[in-house]
Structures are given as C-alpha cells and as structure tokens.
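Got some structures for you, see below.
Each of the next two complexes has chain A plus one other chain: chain B in the first, chain C in the second.
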Partner chain A sequence: MTRMRYTASFLGESDRERVHEASLRILAETGVRFHGKRALPLLADAGAQVDAAAGIARIPRPVVEAALATAPRSFRLGARNPAHDYALPSPVTRYAIDGTAAFTIDFDTGERRYGTRRDTEQALRVFQAADMGVMAWVPVTASDAPAGTRALHEFVAMVRASSRHGQHELHTREQVPYLAAALAVAGGGADAVRERHPWSLIYCPVAPLVHDGPMLDAYLDLGTLDLPVMIMPMPVAGTTGPAGLFANVALANAEALSAIVVYQLAHPGRPVIYSSATGTMDFRSGAFLGGTPEMGIMSAALVTMGRFYGLPATSAGCTSDAPEPGPEAVIEKLVTMLPPASAGADIVVGLGEIQGDQALVLEQVLVDNELAHYVERLVEGVGEPADPDFVAEIAGVGPGGNFLASRVTGRAARSREFLAPTLIGRHGYEAWRDLGSPSMYGRAREKVREILAGPFVDPLPDAVEAELVRILAAADAELG
Partner chain B sequence: MTTLIEVLPVARRTEVHERALAVLARTGLRVQSAAAREILGAAGATVDEGTLRVRLPRAVVEAALAAAPRTFTLGGRRPGWELPLDASGCSLVADGEALQVLDAATGVRRPATEDDWERSTDLLDAIEEVGVYWRMANFDGGDPLPGAAVRGWAGAFGRFSRHVQDSAANPDEAAWLLEVLGVVFGGRAEVRRRRPFSFLLCPLTPLVLEGPYTDAWLATADWGLPVAAMPMPMMGLSAPVGLLATTVLGTAEALATLCLVQAAAPGTPFIFAPALAVMDPRSGRFAGGAVEHALLGAAVTEMARFYGLPAQASVGGTDAHLPGAQAGAERAVGWLLPALAWPDLLVGPGLLGGSTVLSPEQLILDVELFRRCRRLHGGINGAFEEAVEDVLDEVGPGGDFLARAATRQATRGGEWHVDRLGVREPWERWEAGGRPDVVDDARRAVAETLAGHRPLPLDEAAARELQHLVDRAGAGTGARATKGR
Partner chain C sequence: MTEDLFAAMRQSVIDGDSDAAAELATSALAAGVDPLTAIEDGFVPGMHEVGEQFRCGDLYLPDMMLAARAMQKAIGILEPEMLGRSAQRRILGRVVIGTAKGDIHEIGKNLVGLMLTAGGFEVHDLGVDVTPERFVEKVREVDANIVGISALLTTTMVGQRAVIAALAEAGLRDRVKVIVGGAPVTRAWANEIGADGYGEDAVGAVTVTRALVDA
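Moving on, here comes the complex of A and B:
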C-alpha cells in the first residue's frame, strides 16, 4: 500500500535561512576555540583567522561553504552482518540505543550501580532483538575497565555483542592504533572498514563553541580509516546555551558546522552525520533536562537544519529524566521522539536509558522499541484507502449496518492499517485480571529474560575474538 | 514559529469532502425523526418516507456550511470567563460516563458513586485547562427517568463554573434541560447570549439519526445552544476499514447533522466533532489506546479547519487498567498529533480501561501531558530572542548563560514549560525521599486540589429554585415545556 506520510514543520523556510546566517556570523565573528594540535593549522591554511594564543579560529563563510560542498550527501552505514546495513538518508526513521550512561539499573536486583562491559554486552544483545534499531552504541561506560583503555574495551565489547552498525568514542590519540587494529580485525581488513563503514565515531563539541583537543585529534587521525563521524552538539538552553530555543538551535548549528569544517578540511569527502542532543536547564536546580518538550522541538528543528544542508540528519530523542521506568519515562520519551521523527530524522538516538541518559534499563530498550513502532505508525499517516471504492462499500452496508464481515476488514486486520502492539495490552479488565494483571514493562522483562537465555546472535569467529583479546592486552600494557 | 503538522494535505481534504458528499447523496441517512425529515425535505433533501431514507444533495450541504458561524465563544457560569472557538486556543473536555472508578489507595476497581461524580466535578472545576465539562462518572447507570438527568445538570452547574456539554435523550428531558438553563442563567435570552451549554448530538453510525434524541435537540433549537456533532464510526465495525474511509464516514455524518441543525435554526453555532474510533481486530472491541486514533484526531481537526468550523477532536484513550507506563504511553501517542493539529477542544483526560474507568490521578497526569503538548505546539517562536550573534560575542567560547537577564526572563516567560508533576531531583535525593513516583505525585495533587477548591456558589435564589426543580423531576412531575420554549 502506498503510504501518505503526514507533514510537520518545526522551522519554516525563512527561519532555516535565519539559523544558517546567524550560525555563519557566530563562526566568523565570535569564532570557535579548538584545543589540540591538528585543527588550528588546518583552519589557518584554509583561510580562517586564527588567534593562536586564545586557540580561537574565526571561520569565514567560504570555508564553511566549501566544507558543506565536500561532505557526502548519502552513504551507507555498514554493519558486521550486511543484512543490517542502513543507507543514509533514509525514507524512514530508525533508532540507536542511547550511549555512555554512568549507571545500570541491575536487571536482577533493581539496584542502581556503575556500568560494566557485561552490561554493554547484555544491552546490545537485547538491542539486537529490537527491530526498529539500526545503530549500536556503547550504552554504559565500563567501570570495570582500566581508565587509560576504557574506551577501547567499550568499543570492542560493542563490536562483539552487536552485528549492527556501531558507533562509539575514543579519548586520546594513543588509543588510535589499537582501535584501528581491532576494527580491521573484526571488519575483515582496513580496506573493508573504509569501504563498508561498519563503525563510526560519535563526536560532541563542548558548548558553547569549544572543541576538545585529544578527542578531536584522535578522530582526525582516524580519518585514514574513513570512519564516519556523527556530530552531536549539546548546548543546554540556559546554561551552556542561550535561553531562547531559536538562539540555542543557532548555537548548536554553528557548533555542528565548525566540526564539519574541520573534518572536511582534514579528509574531504569523509562521511559526517548531522546530529544534536540539546537540553534545557531545570531552572529550579540548574540541572540538565533531556526529556522536555523544548528538547523535542529543538531536535526537530535541528533535523530540519541537517536536511537544509542535504546531510544525513539525526538527533537525540526518546530521552527521559525519570528516575525509574514507568509513566514519566514513556511520556517524556514519546514527547522527545515524535518531533524529530516527524521532521524526518534518519536516526533517533536514545533507546534504553532514563535519568537524563545516565541509567541503562534493559527492559526500557524493548519498551522504547514498542514506542518507536507507535511513532512510525503515526508518521505513516492516514494513507490510501484500503478499498478505493469505499463509498460503494458504505452504500452496500447502508445506514445502521456493520463492516465486521467485510472482506476488506478481514484483509486490513492483517495489514499495517492496524498496528498490533506486542508489549502494550488490550485485554478487557476481567481477562487482564485473570492473566495476572500484566504490564508493558512486565512483558518486556520476560522478553529480556528470553533473549539473554537464548543464543548469542552473530558471534565473532574464535580467531577474531582471540586477536581482539591480544590487542586489548597490548593496549592495557601500554596505556592502562 | 508554531509547530505545524498536516496529516491530510489540502487535496486529500477536498477528496474527503467530495466523497462525504457522495455518501450523503447516494446512500443518505436513515432519519427516524419525522420532524427532522420534514425539515430536511423542506431544505431540499430527497425523502423516502417508506424507508425513512433521506438523501442530501450537494446544495443542501453547501447551504448549511454557509449558514454556520465560523467562530463564536462558549460561555459559562463564571463571570468574565469565555472560550473563543477561533483556532487560537485549545481547551480540554473531560472524558465522560465512566461506569467504574479506580480507587487509587486500594487499587480496587468498583462501581462509580455519586460521591465520585461530585469529587471529579470539583477536580475538573479546579483545573483551568479543562474548559468543558462532561460528566466523568456515571453513577446512576443511565437512569431513564428525568429526575436523574435534572439532578445531574443541577450538580454540573452548581459545581462546574465553565462550559457544560451534554445531551437530552428525548423531548421531555430536553424540556427539563431548558428549565434548568433558564433557572441557572436567567432565561433564554441570557442563555443565547452567553452560550454556557452546548448540545452533544451523536448520530448513530453508520448513517442513522435517531428519533427521540434528534427530537430532543429540535425541542431546544430556538435557544441557540451550540451543537457539537459527534458521530462515532469505529473502523472495521461500524465504519469501513481505512483511516481515510473512516474519516469520510464521520465527516458525512457530521455534515448531515449540520444540514439538519442549520435547516432547523440557521446560524446555530456548530462544532465539528466526529469521534473517529478504531476496533481491536483481535477482539472486535474498542481499542482505546490504538495509535491510529492520533491520526484520526488530527484528521478531524484538519477537516474542521477545511470547513472553517470549530474543531472538537476525540482521540481514543488508553486500554490500560491502571495509571502507569502503558496509560502514559498510549495517552502521549494519542495526544501528540491532535494537539499539534490544534483543535479548539480536545477530548478527554481522566479515564482508563477503554474510557470505562474513572481515575482522578490519571486526570491529573493527562492534564500535565496536555501542558507539554501545548508547549510543543508553541514551537520555536522567537519570543525570547536577542541577536544570538551578539549574545555569543558577549559570552564567548566556553562561557555560560546562566546569569544573564534574558535567561531569567525566559524561565518566567514561557520559553520553558514548567512541569508541575514528576521527579526532577538527582537520584540521591529522590531515593532518600522514598522513591516517589509520578502516580504518587498525582494522588497528592488530587488531594491538595480538592482540599483547596471551593466551587463558585450559585446565587441563593437560583440554588433554591434549582433544588425545587430537582425535587419536582424526582417526584415524576412533568417539565413545564412551554416555559422553556
């Protein structure tokens, strides 16, 4: 059936131009501070006005325009299992698991504790079963790994546990050779990694208008592997960003453009993915809030800006500040999911976490996957009629009749015209009570238990596994 | 700018309209009221008295659309309160007629009582976002005697100070309704002027206008009560499958109602209010929490705008039996699109279990969700913008915006939605506080709201006369129909 998506507008055409022009002025007049060794020389050579003492580059319009011209409009995010490859841009919105929370809500005890590599493995095994997911990320930092090689251990844990496209981060240039070696081993050689893009990097400028040195240098070094970079500015309206949403959007956009400029100067044509993870301040406490309506509309506006530039466009979403799974969590997640999905995001990043992206909950991965189906059904819209001549069908049934026995009804009941939820229940009260009053989180919990008791999907070959262990041991010996 | 969505492009709205016209002209309706058939026949409809079938040609529908006012205000008992229906604001209509109540303290579901009805009415009156009253708790099981209806209206007007929307089931009940309105508002002229009550007229789907119910409205026709036309086609059961087809049928039924209303009393304020519904294909039951309701609620709003009529959108509810994650998810999904489509009236917070179980806590949770939807609709409107380039020049790379005057102004000025429910403390403080959840918050809010609420009193003479009416109706005395007219 041909689907008729509904249309949504969060930032009108003239406002997109305004955001773009404001961003260009910010880049040219205020400038951006770049720490590290590699970015400022690249920018100076390209024509930016560099204040070396302050570390600030003022980037003129032509440099931004040149970078936007070389950034690829489309590419494929590969996956270790090619069945999971995901082409960008996409006609539909798909999802990434949220990343780098500090905590896990322990599946067995319910206690909140620091995350481990095993949590990443378990979460990504659950995520592998979430059919709306396309991109893995390391969901929790590995408190059980040495600080100097933690990002490497996390990256490898993700590569093991997920055969989908995976993204993660790296913190220093010293870690680069080990990651490059690990990815080459797992991806069938450096050329295959360059060609298929099975893994990418997540990069967050520091708002307002600052780039971290060691991370940026490491990511520029990894340009030789052509790893795509998801650029995710995170200005928080009221603290690290201006209080007005429009201004905060312009700041996020300026930060994204500044990162695109540097990555394109270093490696023209390197894939970049436009993204954002804005927030608002809780002005009662100054704390970060990610599960707010304002976050939802800023995300949608920034997806619109990504599309304005013709780039693959993604955003954070499906975020919640709730302390525990439950009604607050799902309400906030939907409020921050639907706007970017309505704006046509290629990927919304955020499944599986609560507490402002700081706590992983295994059941939440599947609950959020269910919410993603609901959002998809909304975005698919009213659609074409199941029976083009339904006026005749109405005439056949006549006033006071019913359509239950109609062949069209039978067909449609098995089609996508009616979304069939898997975790949300629709039993009548008595049937629900007799079933033991099941809940959506309860059903998700059972499903998680089944997944973890089941076989490991797409395991790495033993030889690859052994080589990864060797690489991590070498890294620990040198950096750990 | 305001956030805008569109589920039916303009060409598709035209198609819905044209196909609705085809249904009205070809299939027509079964109109069980002889008076209504006569009125529609006089307006140009083709009437078959043998089958009670009335077919409405295009010209009749177009004349009705031309006669209906584009904007008007709803009034209420509270002095100075009015609700403009002009696409500028969106107000909640409480969901109605729950037969059961979920007792939050015990978790037990039990039949609704009169006390539940009074408490829920007080709660509604205390929540500004609820502009329009529906009776939330059906504690008398739909008692057909007029005493129950009169007691219900007396209670509604006594406790709720904004707009009341309800029906009368037959002409006798309608006469009582007019008496009640006359007593509370001081007569027909004042009711016409203030519009404190709208008549909910629900055609029976598919394509039937019931006899006594239609006659009940006709008995009120010269009081100028706004009419909300709310057919309830359910896709797959009483409507053909397909969201578009269901929209066409609901539109046709609302237009047929419009034709009758404008033919009987031209210029009567009319609210386009089809409550398009979805069947659960596995059970044949109403699937209150089905995601498709959101699309249908937005579609109804867009069709109302197409006609230039005020919009009342209904969007299912939840199938969950307890406040919690499923109820939150289904309500959020159900409201996000319709709220962004921005109807004048949005139905309706507060019920669980496929709109059969009243939960005051859910009412509070739903209203909080509505506030967030309203913020989404508000969009990125630039109300608090300074020149962003100048601001950043002032703050510079690595600075912060916390201490700026503009930040303080925006926090108080609506750039941020200030939530009134839910947890915002850090983990440690939340844990130390006994891990309260949002349903606990809502329970507390219900208790505090009710404890602090004082209904706007009726004037003493009106209260006395109203009680007299309640007593008379309860004793089985007939209404003074002529006084009402």
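Moving on, here comes the complex of A and C:
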C-alpha cells in the first residue's frame, strides 16, 4: 500500500553519486583549510596530505568513507523536559527557530535594534508554544553581554528559556570549561548530558572550504561531552560558492564531509547532523539572499545528500530577505520551507526571522509555525481514504445529494486530513470587517502577548539558576 | 594606430578579458607607449563605461568584478614602468582594508575592495583577522587616506572601534576617513564608534567613499 505522501526529488540516484564524487574530488584535490591547532594533526595521522604552511589538508576517499562509517545513523536529541525528546531520523519534518541574528524588531516599538538576552528569553518562550518546533537555538546575539563570554551567556539564556532540545555555538576553547560546567549543572550531571544529548552545537564552515580555528578547536574539546554537532555549510552561489545550483550543492556537501571527517577522527561515533544553509547573491549588489527558490532547491538537494549518507538530514529553510514581516516574507518562507520538507528533512531551521536571518520578529515565530502546518499538510498528501467503503457512501448519497450529514464528514471536520489554521481566518468578508479586519500577524501578536503574560514553562530549579549565575560570573571575571 | 590600441584596451576591460588586457599592456610597453597614457586613455575609459552600464542596470556585479580584474592585471604590468618614470596615475584615494580582529569572513571586504578598485581607488588589502596595530602600520606605510574595516559577527564588530582608537592613538585619525561595514553593522553603530562612513553593501560602500573624498 502506498502512503501517497507528497515527496519531491531534487536529485536523482545518479545525481547523488555525481555530487558525492565531485565532493570527493574537491576534498582530495583542492583540499580544505583548517585554522586552529587540533584538526590538521588528526587529519595527517589519518592519511590526509597536509600542507602545514598553507593550513590545507587534502583528504582522500578512504578517510571520508571511514568517517561516514563511524557517524551514527540514528540517535535521540534529548530535551531538558524529556517529553520533548526528538528521535533522528524522523518520519516527519519538524522545526527549529532561526539563530544568531544581530537584530530584533522590538515587539513594542517596531524599531529594529540589536538583540539582548531578554529577546532570546522571550522568543524561546514563544517558540516553546509553537507546536511544530523541536529544537531551540539562540535567535539573537546578546549585545548586552561581554564579547568574550557572549556565547556562554547566550547558551545559558537558551537553556533557561527552553526545555526543548537546544543548539548554539561557542567561539573559543577558553569558553569550553564554563559551558561544560553549565550544561552539567542544568542537565543533571555530565554523564546525563553525554547520554541524553539535550544540547548540541551548530557548526558552520566558512565557505569556500575553510574551517574557523578557535571554534573548531572548542567543538572538538567538547567531544568529551559527546555534544552532537549540526554541520551547516553556507556557500552562497556566486560569492563564496560557484554560481550554479549543482556546483554549489557539491561544494556544500564537500564542506559538510570535511567537518564530519574531523569530528569523527577526534571522537568516532560522535553524533553529527547533516545540514546546510546555502544562499544566492544579488547580482546587482552582491548582497546575500536566503529567501529564494534556488535556496529552497539547494536545501532540498542537500537533505537528499544527507539521506544518501544515511545521516540525520536537516537544512535551513523558512528563510526570508524581506525587510519587514508581511507577504514577501511569507512567500519567501514558503518556497524555502516546502522543498526541504518535501525532501524529507528531519528538521528545517529558520522560524521567526527575516532580513536574511538577521532580524528576529516574535510574531513571525508563530506565523512560521502556521506555515509549517500548511507545509506538513501538503507533504502528508492524499493518504488512504478515511472510509474504505467510500464508493458505498457515494452510492448512498446518490446523484444530486450531499455529504453534509455523513458521519465521514463529521469525523473529517476533526481529522488531520483537513487543516484547521489557527492564525489564518476563514471569515466571509462582511464578518471579517465586523470583527475589525483582523490579520494573521495581528492574531500572532495577540498570541505572543498571551504567551509572555502567561507562566514560564518548565523553569529551572532555583539552585540550578544560582549555580548558572555563579558560572557565568566566573567566566566574565576571567574572559569577559 | 594608438587610437586602435586604446580602443582595444577599453574593450578588453569592458569584456572583462584579463588575458587580452595583459597582452595589450605588454604590447603598449614594447611599442613605447607611455604607460600612464595607456592607463588613463586606454583602460580607464573602459572602466568608466562599465561603471556607467552598471549604474544603468545593463551590467551586473560580476561584470564589474571581471572588468576590475582585467584593469588590475593591465595596471600591474604598466605600473612598474610608470613608477620608473616617476609618473603617478590619478587615483581618488588610497584605501587600506581588512576584516576586524578575530573575523575570518572576507567576502564582503573582497567585494568592497574590488568595487573601490574599479571605482578608481588604490586598495591595499590586509586580508582577514587584522589587528588594529596592523591597520595603523599599513596606513603609515602607504600613506593611506581611507581605512575600511569589515565584520560579520557582533562579537568582532567591536574590533572596528578598536581600529579607530588605534588610529587616534597613533595620531593618524585626522588624516584618514574610516568606513565600516558588515551584516550586523548599522549607520547608528558607525556613528557610535566615530566612523566617517558606512555602506550597507559594496555599491553603497563605493558611494560613501567617493563622497568622503569629494569625488
């Protein structure tokens, strides 16, 4: 019996092989530049040809294949509240809030300003109520925290505000002991963090073919906690990547493989999550574009490559370059969400932001959650008939009758087969006017207000809070 | 004959054909054409034409980049000879550019550098992860009058402020204009740290830099 799901194929079987082979050539012939101290010795020991002066490792096929063999095929992304654990791979697509924007559109004033820890707290409280979400990320950088410890403050703000699985970044090795201590405190000890994987790291190579040193070294250090790593290459077709979708996909895939190799060499079996956040360039200004159909296509193709390797496969999506919330944002978010979802992504990362992932909008988190429901409905497809004897039902109604009083219709009204939106109104025109012409964004604003006025979900115990404050103060004293 | 040569030089830039531009520059030297004249009457008009077509929307940024590269290649061949004759080509300004300390994201900086080169500036690119001291040193070395600092991260954009402070401390702040850019950088941030100009993208960066030197 077919599932009759809507699945889209963006790379055929032979195309996947072509991408893979091209990626292997890139890794073996061009190589990848690794800054930092830890990666090159690991690669040299494994058989890569290392040019120490240039910092470039040329990685042969067997090294890549060995890494792919040790990377786990399935694991569970734990959550501070175990009810939110999420197993990978997943039969359905779920969502992560977008991360590390510089700006917030202030909920009260509508002005764009730099983000703060409070913005992260508020956004993650809203995200906690977004039922399609499974993975938190720090949505805005914390301009109110010292640069030297900013990532730590951000990480802890996320741990506090979300009891879902959370991912974020770290910038230096010096920050590692503080993060490890904070996660152990919040996660019930280092062993529990290792076992349950309630938090993970987001890692973006610098396109083309470069790995940041301090960040990569820090992430390798954190292998002792077995923190999963989401590997998210970001080549932009035309600037930091070749100006063609197939070629840019191959470059992104090569970068992802190069990261998988290093993480597996350091800690064989460490969970890695295949991902991508490609973009295109505005050919007039050179600016990055993340909300284009081409981005959606590349994301879907790369989800397919992740699946080709048998790895948990995710991608960026639901992204928009629109300057303000509204129709342009929704169109761009749809065309970058549907392709990876229809290609079977485990997680699509991108709820809640616009302006090329640079601006958080609280109500957009809920609008995007609504959009995720629409996409989910599309992907579920036709499905099997609710009433297997539907021919008899049609015969019972007969020519000229209607199906209004049918039990099947009654059940359908409550079923998943017919989507019931929560933010998009379905009033007739006059009724809509009588209601004061409500909008989708207006309803989302009301809902955001309700959430923020409501109770804090799954707060940390006071003793844990106090310990986190102490750890951050110690970090500030040393690194801030 | 010379007119034909200049026309070919102009066209090589318009076509973004670096090989042709280099060949024409070499031929010009062999034929005894004054290198400064070759630049200013041959290659520069090509760049002007490309700039005009870019502004009209007939050409795209990659066309501009190719043209700039062709012109750079030709200048690279002609300049040593030109300097040997103590001649100097007209430039709108001398720019020292790099990314802030700790930041290795350079695509924005590279775009701005090439666009400034295409726009008639002499650009000295310090690359990535540049200390304030290195900016100061280079400004002194080449007698720059413009400094461009790029940052992609909110954690590294503070490095832009550090460069401005270092320039002030070295007594150079009054003789250089400082431009800043990068995804998290805003006009308000530029004002806050005392920068002279801010470009939201590479085209904007050229516009603001031209304005700073009254070009």
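Basically, the second predicted complex is superposed on the first by the 476 of 480 C-alpha atoms of A that agree within 3 Å, B and C clash if a C-alpha of one lies under 4 Å from a C-alpha of the other, contacts with A are read in each partner's own complex, and residues count from 1 in each chain.
The criterion applied here is as follows: contacts are C-beta pairs under 8 Å (C-beta built on N, C-alpha and C of every residue); 3 or more make two chains touch, one makes a residue touch a chain.
These numbers come from a predicted model, not from an experiment.
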| item | value |
| --- | --- |
| Chain B versus chain C as contact partner of A:Ala52, first or second or both or neither | neither |
| Touched partner set for A:Tyr6, first chain B, second chain C, both or neither | first |
| First (chain B), second (chain C), both or neither touched by A:Leu289 | first |
| Touched partner set for A:Ser406, first chain B, second chain C, both or neither | first |
| First, second, both or neither for A:Glu29, with chain B first and chain C second | first |
| First, second, both or neither for A:Arg426, with chain B first and chain C second | first |
| First, second, both or neither for A:Glu328, with chain B first and chain C second | first |
| Partner chain in contact with A:Ala473 - chain B first, chain C second, else both or neither | neither |
| Touched partner set for A:Val375, first chain B, second chain C, both or neither | first |
| Contact residues common to both interfaces of chain A (with chain B and with chain C) | 206, 210, 238-240, 243, 281-287 |
| List of chain A residues in touch with chain B within their complex | 4, 6-12, 15, 22, 25-26, 29-33, 56, 112, 206, 208-210, 237-247, 249-251, 254, 280-287, 289, 292-294, 296-298, 300-301, 321-331, 334-335, 338-339, 342, 355, 359, 367, 370-371, 374-375, 377-378, 381-387, 390-391, 393-395, 397-404, 406, 408-409, 411-414, 417-420, 424-429, 432-433, 437, 439-441 |
| Of all residues in chain C, those that touch chain A in their complex | 57, 60-62, 104-105, 107-108, 111, 153-156, 158, 183-184, 201-204 |
| Residues of chain B defined as touching chain A within the complex | 1, 3-9, 12, 19, 22-23, 26-30, 53, 100, 109, 204, 206-208, 236-245, 247-249, 278-285, 287, 289-292, 294-296, 298-299, 319-333, 336-337, 340, 353-354, 356-357, 365, 369, 372-373, 375-376, 379-386, 388-389, 391-393, 395-402, 404, 406-407, 409-411, 415-417, 422-427, 430-431, 435, 437-439 |
| Footprint of chain C on chain A - complex, ascending | 35, 102-103, 114, 141, 143, 147, 150-151, 171, 206, 210, 212, 236, 238-240, 243, 281-288, 356, 358 |
